[in-house]
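Structures are listed in the sections that come next.
Look at the two complexes coming up: chain A is in both, with chain B in one and chain C in the other.
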Partner chain A sequence: MREDWGLSDLQLLFLSFAVVAPTAILTLPRALALLAGQDGWLAALLALPAGLIPLVLLWDLDRRYPGQTFTEQARQALGPLLGRVAAALAVLLFALLAVVVTREVTDAVHGENLPRTPLPVVVLLVLLAPVSVLRQGIETLARWAEILLPIGLVLLFLLVAGSLRDLHPDYLLPVLGHGWTPIWTGAVQPASFYAKVFALAYVLPFRGDGRKGAFLAAAAGLFAGAVLLALTAAVTVALFGPLAASLPQPVFEAARMISVAEFLAHLDAVAVAAWLALGLTKLALVAFAFVFALADLLQLEEYRPLTLPGAALTGVLAAVEFRSTAEFQIWVFIFWPWVALALCILLPFLVWSGAVLRGRSGRRGRTGGTGRGGRPGRARTAPSPSLPPGGRS
Partner chain B sequence: MASERFAPLRREVTRLHQLSDLANEAASLELSLLWELSRHRRLSGHPDLDARLIRTLMGGRGHLTADYAERTVRLPGRGRGRLIWLSSMVETKILDSQIFGAISRAHVEGHAAEAKPVKAVDEAVRLLGEGRVLLLMPGQPPALALAARGYEHRQVGDPQKETSMRGSREAFVEDLATNVSLVRRRVLDPRLRVEPFVLGEFRATEVRLLWIQGLTHDPLVNEMRRRLRSIRLPQILDVRYIEELAADDPYTIFPTALFTERPDTVAAALNEGRLAVLVEGSPDALVLPVTFWSFLQAADDYYSSYWIASFLRLLRIGLALLALVFPALYIAVIVFHPEMLPGILAFYLARTRVSVPFPAVVEAFLMELAFETLREAGTHLPPKLSTSLSVVGALVIGQAVVSSGLVSWPMVVVVSVTAIANFALPSWEMATSVRLLRFALMVLAALFGVPGVLVGLALILGHLCGLRSLGIPYLAPLAPLTPHGLGDTLLRLPHWVPGRRPRLLEPYWKVEVPRGQRPHPPAGAGTFHSPR
Partner chain C sequence: MGGEPEPGKRWRGRLGPLLLALAVPFLAGGCWDRVEIIDRGFIAAAAVDAVPGGYRLTVQLVLPQSLPSPGGGGAGGGGAGGGPSVAVLSATGATLAEAASRMDEQVASRLFWGQTRLLIVGQALARRGIGEVVDFLVRNRESRLRTDLLVARGEAAPLMAVAPPYRDIPADNIYQELRKNLAPRLRAFEAAIRLREAGRGFLMPALAVTRPGPSPASPSTGAERRVTLPANPALDGAGVFVGGKLVGWLDGRLTRGALWLEGLGSGGTITLPYRGRPLSVLVERAQVRRRVLLAGERPSVRVDIEVDDTIQEVHEGELDPGRPELLRQLGESLAREIRGRALAALAATRRMGADVYDFGRLFAGRQPAYWRRVYTRWPQIFRSLPVEIRVRAVVRSPGRLVESLQLPR
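Then we have the complex of A and B:
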């Protein structure tokens, strides 16, 4: 194979899809049904700009500071002190995000399948695979996502196809029955999910050399995620009608209702499989952003030593921070979206405006910072990704 | 008392024994010292002296190996020389007719295809051990190594482990030269390179690295050379030794190189830009780099209709998955999610398990272990005894255990289906990996149900995604996705489809199936009768 692997556009598409899609399937349909009623799918689509803003900012930042990670860009655009503060905020954001995702994945598995297993044990189970993949580098993670996501999607579509019989499209009518207000209030939730595409700030520098389409691919992934979310929102409403707002995990409920030829019934295990395939990928990605951003902030050569401590911290926080699923749900619905949305948009915006004020145009050249070559991230994670084909890994 | 009388004698005997042990040790010590000294030392050019040194190295005082043979010969024009050989490795007929004949005709250098000048002592001894005849001569070169090798080895026969319906019926044997010729006869490409390596310390084993220059990515060849050269084992009896020391990930449970006994498989791999390693004494070749999919392919795929071949490939993927997860999934469903099953089936399963005194996990582990025991016993038993084994196995496992209510019928079905699925995998190495991982998944299933199995699968997948074989990603071309290569992994597209081969080494790929090869029979007519 080629000597410079790097991430392909397709892998970036999948990764940005992984930021948005998984959790959206689980909890968002309910939130959308709650806030926007039958127009949830519309809210899901209308919130799309919230994800495009950070992506465009990242794209422009990458143009100005080619091939650098967000931390390095922040240090150069905002100066050493402010830049570090911004980067530290990003680390905090991703740490919280990792905790939230861990808890979400855990809660679903815990509530659905292992109600009598202690929660910390389930947290451990959930963290196992993402951590092991994380330690093998971003390229392994991308390949993993490349296989897991399609599997999850196929399973999900099987579930949707299985419940086609019970769909009542008239639940979706009238469109805009309550005017625009509920749609805007409902859009905040998906918006905060889309904005988390900011996590790609630490993945995009790993794209293969000369790939111009990376940001377009990320945008496409985001769009695909939005479409999927709109679809699940519409399907849940069409399935359950007004009831959708009161079901904690509508997709799981839908899976339970399926009965094909009297043999394939109670497919909640399939739902769990789809959910794990998507959720674990997102968890791995978010954890990568967390650990890598931290390593970058501390100017470590290698992020891997931070993987286990980072995972331990995430796991402990996910297990003890919230006393119950209900408390977590409230936190995640009322408080977290605003924080995530604000940070995900503000952080890149701050750095970007710093870069604009410094008059840093798209020309090449680099100053200060690490003083390393064109793709600084590579040197750090090099051993697995960038070995020539003969290399021992 | 008699014993009193013999006591001094006995003491004396013991002392003598100890002394002889000591002498033995001293001889061994002296010998190892001599070996060290003989490293890279040049032969003197005096046949008598050299012969004495070599004789000492071959056991010398009192320990000379029995097959050591030495003759003094008169070399016309060069004085007296010595011939040394090991009678167990040399064909006497060749020795008599050719070598002695050539010596008497003063024609030594030209007597045989292989007359290799030797300068160093250790090289001379090594060649002697390989079955060459050493001719020590006065002057330069001090010695010639002549080929008169002749010993019994197995004849080329049918493949025993990788059988196929169609295609070649030849398999590798233990003789290296035969194996190389088997491959070269199929490649027929002047660019085929056969690179010699001599690995191992004293038991210097001949190893051959095969590749096609211009087809194989050069960095791959260099890397493989580097890995081969870095091997320093006391002995190399089989290609497995090389696989373990040249692997990319020393801790992986999956095979990172393909073992095959089929020369046609090796030839096909070489034509795809891969490398092959042959080892003297091993009836298997090592092919690398390989991907996960190589282990789900059989030679027959290319010799049979692409419809059935593609179907079989998809089936094998399914079977690999089945062999991996079936018992685990059964445990998970029985223990954690019986509601997933249709009502009647769930009741049936519950009814069969009424008398079983174990939890499902223990039951499954017992049966799996029983089966592994049977299989292990079967592989070590001589064929004559295997019938009694199968009778015992069938009776004990199949009948007695179930009718006594220790194990339920469905569990027997699960274990047997799993075993059959495992047998259906074309690669023994991959099948064993799957076998072992199955137990890990069963534990996960017992602890965490379906999510546990899924997490286990995700872990395995993650490991596969990070694994490499000679630097090539193990899951290529699926992850990283290169759609070009998929035509020969998941499916087997027809031979006329252009560019269907795996593009492992993209920029260096020179062999392409040319376009426009799809057969186009003349339209319309349908027969070859001339129109009236």
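Then we have the complex of A and C:
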């Protein structure tokens, strides 16, 4: 029975992809155009290691403490006190991340489509679906990713295909016209987004198949996200040239401009659908990491009681914390990437260093103790706070 | 889990999600932002002129009730013969948005920019600069980035009031003319891109009204009803812009010459003298390849134009288009003609210091180091930039008729 609800490799791939893909549509193309100009696509690819580092660290941690969540690993590797501090920082990181993603989705819907609708109402609507999914459990989240992401991707490629006619590849020249400096500056932005695959620390323990497949799938999802980002960055620059850096949502504008034989036009609704499919998946994933990490830190049996309060907190912060889109954009471009990048790489690195110093190898099996502790990967009991096979009848 | 619930309970358990699902469409509309389609006033085209202390905005507002219903027949078909299908509104303001808002007060419906196909800028405003117009158009989320910009030879507002009968919405007539690609096109987003780069030159299609007049009636039958040709705003060459300001005009012939150099193979008919008599060919296909060269600090540009044509009309009695060497000769003189037109356009734009061909951008992309050194002086460099134009024209087909009808025997 319980065999059923391990996440398949494909689902993990989609979840990992969901960390990068929504931002590839929304904010990153502009940030890349702004900082790296026509070489933004290059910066998108060069930043890839930033996402691979946390994945490799998590991989090794999983080898040492199979089937455990990051909180449990931290507690064992760093000791009860330091471990809890590290886990608390992770909770803070994911809480902030949830707020940021909520605000991003909200701004897109609010600014582009519902400018007269009060912001809190849009926040509420945006949080509705992810919260209801979270209450169903991780499996529902994985299945929703499996269903929504392909749809979003197909829509996205339709949009790219629709604007092919208007592309001026000349705008992508010269490659490296200003040397490497702008590219490295620009690469910080995608790097901080790739690093957020760290959120998978709370999803990977639920894998249904072998460790290798699961982590390879996560890496593949990350890679696919980077390729998508490089593509959207290149397309928006080839379409809008120097204007790409001035449009807050160049991919939406590209969609809005599509006109195939004067018949297929005004496709912004398609862009919004694609974006929502990806964005809400990311939001659900991040919110899951947030509430699950919190429940884990507080050693609760169940994370579900925290979903609604967590969502309420996220919603309020998302609506209140930033007074304007401009304020949010400055925060999210200038301050947040460094914080996110540092935490997403440092936290797993600290825990991993602790594990290495303790000389803990993967062979010694279970640590025993509390019953909340680690169990070997294929033991098929839920990592605590336990997840019954939610949502299945 | 744990066994099947009894039927009634199962039903009750599923009612909630079902109702929730049904509620989604009601929420999806977004109550605050809903505007019924009958409450929208569709602006088909707009004209902007400079007036003391601001702008005058003049628009063609579509009157859907007077449009003939698609599919004809039925009760709705009455509009076609009736009054005009648009109303012309005008308002002034210190900014374009203010003028638009004042105009909004004049009508019951909410003015909607999402279907606006054309925006015509008056000559005086164009000389002052089109930056504000493009900002208004691009910043406004409702409007389309594909809106075509045109410049009027004179005031723009009167062009809105001219209604030739060719289309139900007068502005559509101009739009269809643009679509034939015989003129340069400048969409709002393209204008924004060009404004973003300081000192960049570009072309904007120009618009002028052809005079109305009676048709030449046949003198033999005086009883015939004389048809009055309508006044018609028609494309008339292009305005030349540098840094967003109108600096001069090209006539239709020079405009098409410039299009060859821009890399936009221009279509249409070219008439060339052949042994002293006119001969027309139709450009079927054109390919333009542009290369920038840099020898030391001496930039130059090479433009290769390849054209395929079909003969459309022959006046010369001795011409036998069935003979291949004749077609070859014809191709050569066609190449000379195209080259001449391109050179004339180049000379005209050189005098204005307007690199409307984006040669500067080619250098920026392919010779970035050189470009960084010279871009501030580019207009001066462009005035004396050597441009080599090579044209290869092939007359593929003599048309439906092989030989001239009146070959002297």
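Quick note on the criterion: the second predicted complex is superposed on the first by the 358 of 393 C-alpha atoms of A that agree within 3 Å, B and C clash if a C-alpha of one lies under 4 Å from a C-alpha of the other, contacts with A are read in each partner's own complex, and residues count from 1 in each chain.
Basically, a residue touches a chain if its C-beta (ideal position, glycine included) is under 8 Å from a C-beta of that chain, and two chains touch if they have at least 3 such contacts.
Not measured: the values here are computed from a predicted model.
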| message | Looking at A:Leu125, would you say it contacts chain B, chain C, both, or neither? Reply first, second, both or neither. | response | both
| query | So, does A:Asp170 touch the first partner chain B, the second partner chain C, both, or neither? | reply | second
| said: For A:Pro115 in the superposed arrangement: first (chain B), second (chain C), both or neither? | reply: second
| request: Using the touch definition from the top, say if A:Phe206 reaches chain B (first), chain C (second), both or neither. | output: neither
| Can A:Ala142 be said to touch chain B (first), chain C (second), both, or neither? | first
| task | Considering only the touch criterion stated at the top, classify A:Ala273 as touching first (chain B), second (chain C), both, or neither. | result | first
| task | Based on the superposed arrangement, let me know which partner A:Leu10 touches: chain B (first), chain C (second), both, or neither? | result | first
| task | Would you sort A:Pro242 into first (chain B), second (chain C), both or neither based on which partner it touches? | result | second
| Which partner, once the models are overlaid, touches more of chain A's residues, chain C or chain B? | B
| task | Mind working out whether A:Met257 is in touch with chain B, chain C, both or neither, as first, second, both or neither? | result | second
| said: With the touch criterion stated at the top, can you tell me which chain A residues are shared between the chain B interface and the chain C interface? | reply: 113-114, 117, 125, 266, 392-393
| query | Tell me, which parts of chain A touch chain C in their complex? | reply | 111-118, 121, 125, 170-171, 173-174, 177-178, 240-243, 246, 253, 256-257, 259, 266, 392-393
| note | The chain A residues in contact with chain B across the complex are 1-3, 5, 8, 10-11, 109, 113-114, 117, 122, 125-126, 128-129, 132-133, 136-137, 139-144, 146-148, 262-263, 265-269, 272-273, 276-277, 280, 384, 387-393
| request: Name, in rising order, each residue of chain B that touches chain A in their complex. | output: 217, 219-220, 222-224, 226-227, 248-249, 289, 333, 336-337, 339-340, 342, 448-452, 454-455, 458-459, 461-463, 465-466, 468, 470-473, 475-476, 478-481, 504-507
| Contacting residues of chain C [partner chain A, same complex] | 1, 27, 30-33, 114, 141, 144-146, 189, 192-193, 196-197, 361-362, 364-366, 368
